[in-house]
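Below, each structure is written out as structure tokens.
Heads up, the next two complexes both have subunit A, just with different partners, subunit B and then subunit C.
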Partner chain A sequence: MSEADDKNRYNLASRRKTFLGLDKEQALKGLFGGNALVSIVVLALITFFLFREGIGFFGQYRDSLKLYRSSGLEYVEIMNEQSAAFSGLTRYLNSIREDQTQLLKEQGLAFREIKKVQARDNDFFYGFEDLGYPLREYVLEKKELAIASRNAYEEMENLKVFRSNLLAEGRTEEAAAVSIVELDLSATVDQIRSGREEFLALNDTIEKELEALLAEAPTFEAASLNAKVERLGELTRMFIAEMEEYENRLLEWDSTQSIGMGRAFVLFLFGEKWVTNSSIQDWYGLWPLFSGSLLVAIIAMFLAVPLGIGAAIYVNQVAGPREQNFIKPYIEFISAIPSVVIGFFGIAVFGQFIRNASNWEALAWLDVFPLAERLNAFTAGCLLALMAVPTIFTLAEDAINNVPKAFKEASLAMGATRWQTTVRIIVPTSLSGIISAVLLGFGRVIGETMVVLLCAGNRIAIPDFTEGLGVFFEPVHTMTGIIAQELGEVVHGSIHYRALFMVGMALFIISLLINYVAQKIVIKYQISRG
Partner chain B sequence: MSLVADKITLNRPKQSTDSMDSDSSEQARPLIRVSDFDFFYGDKQALFDVNMEMMENEVTAFIGPSGCGKSTLLRCINRMNDLVDVARIGRGTIEVSGANIYDPQVDTIELRKRVGMVFQKSNPFPKSIYENVVYGLRIQGINRKSTLDEAVERCLKGAALWEEVRDRLDTSGLSLSGGQQQRLCIARALAVEPDILLMDEPCSALDPVATAKVEELIHSLKDNYTIVIVTHNMQQAARVSDRTAFFYLGKLIEMGQTEQIFMSPNNEQTEAYISGRFG
Partner chain C sequence: MTTATTVQPAPAASPISFRQKPSRAKLIERIFFWIFRCGTYFIVLCSSFIFLTIAYKGGQTVFQTSFPFLNMEFLTESPQTLHVFEYEGQKYEMSDQDFRAFREERGVDISTTTYAHSGGGIWPCIVGTVMLVIGSMAIALTLGVLSAIFLSEYSRPGRVLNAVRLSILNLAGVPSIVFGIFGVGMFVLAFGWGTSLMAGWFTLAFMVLPIVISASEESLRAIPQGLREASLALGASKWTAIRTNVLPYAMPGILTSSIIGVARVAGETAPIMFTAAFAIRDQLPWEGLDRWYDFFFEGVMALPYHIYVVSAKIPQNEYTERMQYGTAFVFLFIVASIALASILLRIRMRSKYRW
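For the complex of A and B:
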């Protein structure tokens, strides 16, 4: 053997082919690394985009609130509230008359005869109702004034922007042609406020007349009607007491008082109104949407958690291999159903079924039945539960499956039954995994859009929790639903547009928090297993 | 192969143990009797016609190469093999103090309370030391504090662990060292007061110091319990057991007094195995 051969045999230099300076291994590494990088970049872009579009909301919202105040609309709104409160009173008043009509009808009286009986109290009823008209007209007049001045102001602002845009483009001549009349909002405000004496006089009349009317309130034969009249008296006295409050608020109101960013923030996060395209003022309060989402999610979790975890325990601990092979794919298949199909099923079949069921005699003991609304939080919650079950089931089953077999064997070898082993060893050991499964299921539910949009009833209002069980059967709107419903129609860059982005941000943060907590729990779980 | 088969027939364990019994301790009474036992995993036969007896208050060691069926037989004694779906018995019986444990009337829960088990890999529950020991009592519905306290002390002392853990009973069982964990598992098995302890290679994952402690423990437990131990470690079998059974390919090749098996085995295969020539 020559020396050269010997040398060749121990030549350890790399003989791999390279392309662009990369060999095969490096190229593969680059490819897979690139894939991972793309997802991270996309997530970062989404976050950035949400922030960029959404964060401008607070500034715009503050400007809008400022204008609402400086144009005097806020002042008018206070008077309007009082007027609305009086309308509430007259509604109650009219309900007394309706009840009376109903009672008389049951006694067999004809329409004409009923009218005759009721004519006795016409002075009271009509007198009461008529008291509201001058007030309403007064408020309406002022409102129109304020709206007109606000609109003019907005017009002026738009023109200013238009002009500065022209200037920026260098079209100075055209810019000079844009004529802008400077508008002084405070003049309008003074005009509105100058009517204060008139308003106070109106209030005085109302107060006096109401007291006079109440003094000679009619009495009826039926005790139920008398009780209602008494209640009306109470409500009226409460209204009279509140009138002073409205007057004080009007007196303290100051059009120049500034509105901070914090106020806009608080009004968004805890605002109780979500009103858009209003002629007076748009309100963007998250609270009704958030509480709606939460209510639906709670209903869904209440149903999905026992079902998902129960099924996971059954499949992993009790079922034989044949049953397992049937149940597992079957449950996991549910997640393959498009959510719009589930929503469609909810409208066409399930919602109707719930309402029909609420008419059953057997369920009459539930005081919330029968239901008026076919589409409500409960309908949506049930369908969302169906969608959350596969998530919870799969993850919980994984967690249970991860319990070392040795624990189960040790427990059984000590004479524990299968049930005792499950309850005392398997479930406690996998508890953190199960909790994170529940949290991720919750994340799935709160982020679901189509089903709630179709089945939750879409009434923007905070659920009335004083209703007891009835709260679950109220129509609600959700954070996801409102985005899907309104984002297609808003003007790009408007407050409304940015408000929807802020709702999206809120959703994003909620989901992020849930995932974060779930992951923390899983990590803790891995440590505890040693 | 026929030669091997002949040898096995010649050395029917029953005969050998019978002959051994006559010249060993007279008060030894068989507590577990395996007769004509065939066992299958699906279509695969794991045990062939096993006949043997294990004496009360003695340590019986099962030795043999991996896959020879010794662990399978051990797990048949408290019916842990019931958990394996495809496992079934072909023929024969296992009796514990005269009662056939594969009788349909037998409640496996009751059987397992009488026949405790310690596993190859220490497997304390992810609970406190205290809760690990009292687990067997809690599942029987015993929750009285004084009874449980007493049992914890008795069992941990019995497992020679009391002095090491008495002041940290509330810490997790998983925080103990490997040897301590295995002794905790023994203490846990003792809590239900079994008559028989089955040990499936209890020291295979332990270092020599921990092994010595467990072996010492096995020795002291002999007075109150009947112990069956599966081991790969021939020295261990020689050290701790009174009788030794050698298995090969699912068959019981030879069984006898440990001294006799190690000093003068009757069977060539036994001799080859213990002298390290195969296995």
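For the complex of A and C:
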């Protein structure tokens, strides 16, 4: 026995086999630790990557908005708004005519006779409509000018990038061959603005003519038509009053006014338009998508919360063991239905059912029925409710189950009925758990993609809350839906691509927030089991 | 021996009656409990209705009355265009392949009404889904279970560990489309893998990773500390203690969590829409490859995406409906059986180990 062995006789560690200086224990620990590290790094990377791809959006969006302003498009757009407002008036005007035609038809008049009756008011109707033409022509002409100069400017910028790329690669000759025509956007802007007098003159004529026309507005036999004419007069006067505003805005407009990052940020979060692939200007406003998501989620939660919590109370407090053993796994099982199958069910069966149901006599008292669209927020909301129920049910049932038995027994011993015990003791004690269950259900609903993509109707518009109940039956678009729909067609690194990443980012933050709050609530209001 | 006692019959007119008197509180209780009961069964009915509709209509596509009772064409062919036509006074419905053969044979040109995706079967979709699940679960389970062992057994409790645990738990609730957009940005575009099996694997794996880690860790931590201590006290090394006294008891929990992960991976559409799924691919994943590793960099067809395509992109009528319901039925059947397995396993394990 050598001296070294003798020395290590009682040192067990020295007998272990080592590999690269690590024994088996340490190697295993390293393996596990390495995996944990990889997992954590990967998950952190997701957050980082989303952030990195998304954050560039604001700079690009600001540049795009800057160009929109400096090329004078914004200026043209103000005039365009006025023109569009006038078009709205003429639409209303035409609806009067249509109503009249309908009325006369019901009286049994032939087409030619109707025309004859209507010929009396032709001066008014055609005169009104014709007023808009010069304005529209004028705006169109200016718009084309602005778009052309904007496009030329963009091309110039692209060429500049191309040239600097060439220079960076050392291909100086080719770079020199790239000819770039320097374009001064302010010249275009001046050109557009120089027509201001013309525009004001147009407005003046419109104003005068409109007042003259209104003074001799026709009257009809039917009261409903007269009321509409009255309303038209009101609207027209409102329009005349607004014209001043448009003129002022044009006067105040300044092409050199800078646009800050904050403005781009606000326009993204609260912008009311999401318009892509437009020839004029792309808008990336989150608001219509967010409100659509919220509307669908509200409908879903409105249905799922009572059902989910009611079922949890029923299963835990009322149902017998056999019923429990059947219902609990069954509802948990619902959560396994893939969302795309539910979405398919919505398209194939449920949407049609909703539309048919809206034609029922029994529901005729609701003035929003019958429905035109089978795919709308309500269809998606109902289906999402079914997906949220298992989440809410499982978690709420857990929370109720965690209430100490003594609480219930004490209450029953005092002579309370089971219902009183449930409402006064069980639910208040488990309230924190129930609230977090509802929150997590909400998180599931707002993050769901396939159902809303298939069933929500996919119309990008802010729900019109003035319509009362009708708002629930409007087609909407959602944050998840827009990503799924548009991600396939974007160019890597483009502003649209980054905008979608920002939407994903918003979803990410919302869901993290919901989870975090839910956990906080559970921990903070945990019942003490003494 | 017990002495028999005779039970005295109760006096006919007892002054105290134990029968419940009707009261308002009782009435309210009954009304509300009935409302809840109806609500509960309403949920059960709604979901049953979905199951039954899809099973009934899909079953007509998948099953048939004659031998071999399964519609083999539907299960083994790839999706094709359906041709519907009349020939010599008879009505035919044929998938593209058969139609070509038929036309060759007769040597005539027949005008047909065509329905995209409505003929043939869904074999490539089933294969694609299975491949996606196997690959992504292999990644997720390796990373997830080993990480969970580290977090639960080796790491030192403290603030850092709690923060890590909390963020993993939070990531488990992030919508799947967010993982999808991450996968597109990272694997498809930044790494240049394109729409491929590989990109799909990693996207799906990272999506279920938080779920696998937190569920596995929970089942590891549920093992009483005493088991580990007893083992260590007998002189076992740390790994031996874990191997012999922790892992065997935690295994059922880990297994359940991984089955839940499988159901989730198989059922999700949003993450694979842009990372791995093709609307149509003629060849199976292992066919027509130039080099062996092209296998990983080609997209596949997948059941959930196929359902999306056939329900959103083609109109609904009696011909397309068969494909739609048939696919939905097969898919629902696969996912539901996985989920059912996990639920049953959990119920069994719950009663087996109780500390």
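As a working rule, the second predicted complex is superposed on the first by the 482 of 530 C-alpha atoms of A that agree within 3 Å, B and C clash if a C-alpha of one lies under 4 Å from a C-alpha of the other, contacts with A are read in each partner's own complex, and residues count from 1 in each chain.
FYI, contacts are C-beta pairs under 8 Å (C-beta built on N, C-alpha and C of every residue); 3 or more make two chains touch, one makes a residue touch a chain.
Quick caveat: nothing in here was measured; it's all calculated off a predicted structure.
By the touch criterion defined above, A:Ala406 reaches subunit B but does not reach subunit C. In the superposed pair of complexes, A:Gln420 makes contact with subunit B and with subunit C alike. With both complexes placed on chain A, subunit A has more residues touched by C than by the other of subunit B and subunit C. Of the two partner chains placed by superposition, A:Phe111 touches none, neither subunit B nor subunit C.
By the touch criterion defined above, A:Ala311 reaches subunit C but does not reach subunit B.
When the shared chain is aligned, subunit C comes close enough to touch A:Gly504, but subunit B does not. Counting contacts as defined above, subunit A residues 417, 420 meet subunit B in one complex and subunit C in the other. Residue ranges of subunit C in contact with subunit A, taken from their complex: 25-26, 28-29, 32-33, 35-37, 39-40, 42-44, 46-47, 50, 53-54, 142-144, 146-147, 149-151, 153-155, 164, 166-171, 173-182, 184-186, 189, 206, 209-210, 213, 237-239, 263, 266-270, 273-274, 304, 307-308, 311-312, 316, 321, 324-325, 328, 331-332, 335-336, 338-340, 343, 347. Considering their complex, residues 78, 80, 83, 85, 109-113, 116-117, 119, 121, 123, 125-127, 135-136, 138-140, 174, 185, 188-189, 192 of subunit B touch subunit A. On the subunit A side of its complex with subunit C, the touching residues are 24-25, 28-29, 31-33, 35-36, 38-40, 42-43, 46, 49-50, 53, 306-307, 310-311, 313-315, 318-319, 327, 329-345, 347-349, 386, 389, 393, 417-420, 440, 443-444, 446-450, 453-454, 480, 483-484, 487-488, 492, 500-501, 504, 507-508, 511-512, 514-516, 519.
By the touch rule above, subunit A contacts subunit B in their complex via residues 320-321, 404, 406-407, 409-417, 420, 424-425, 428-429, 528-530.
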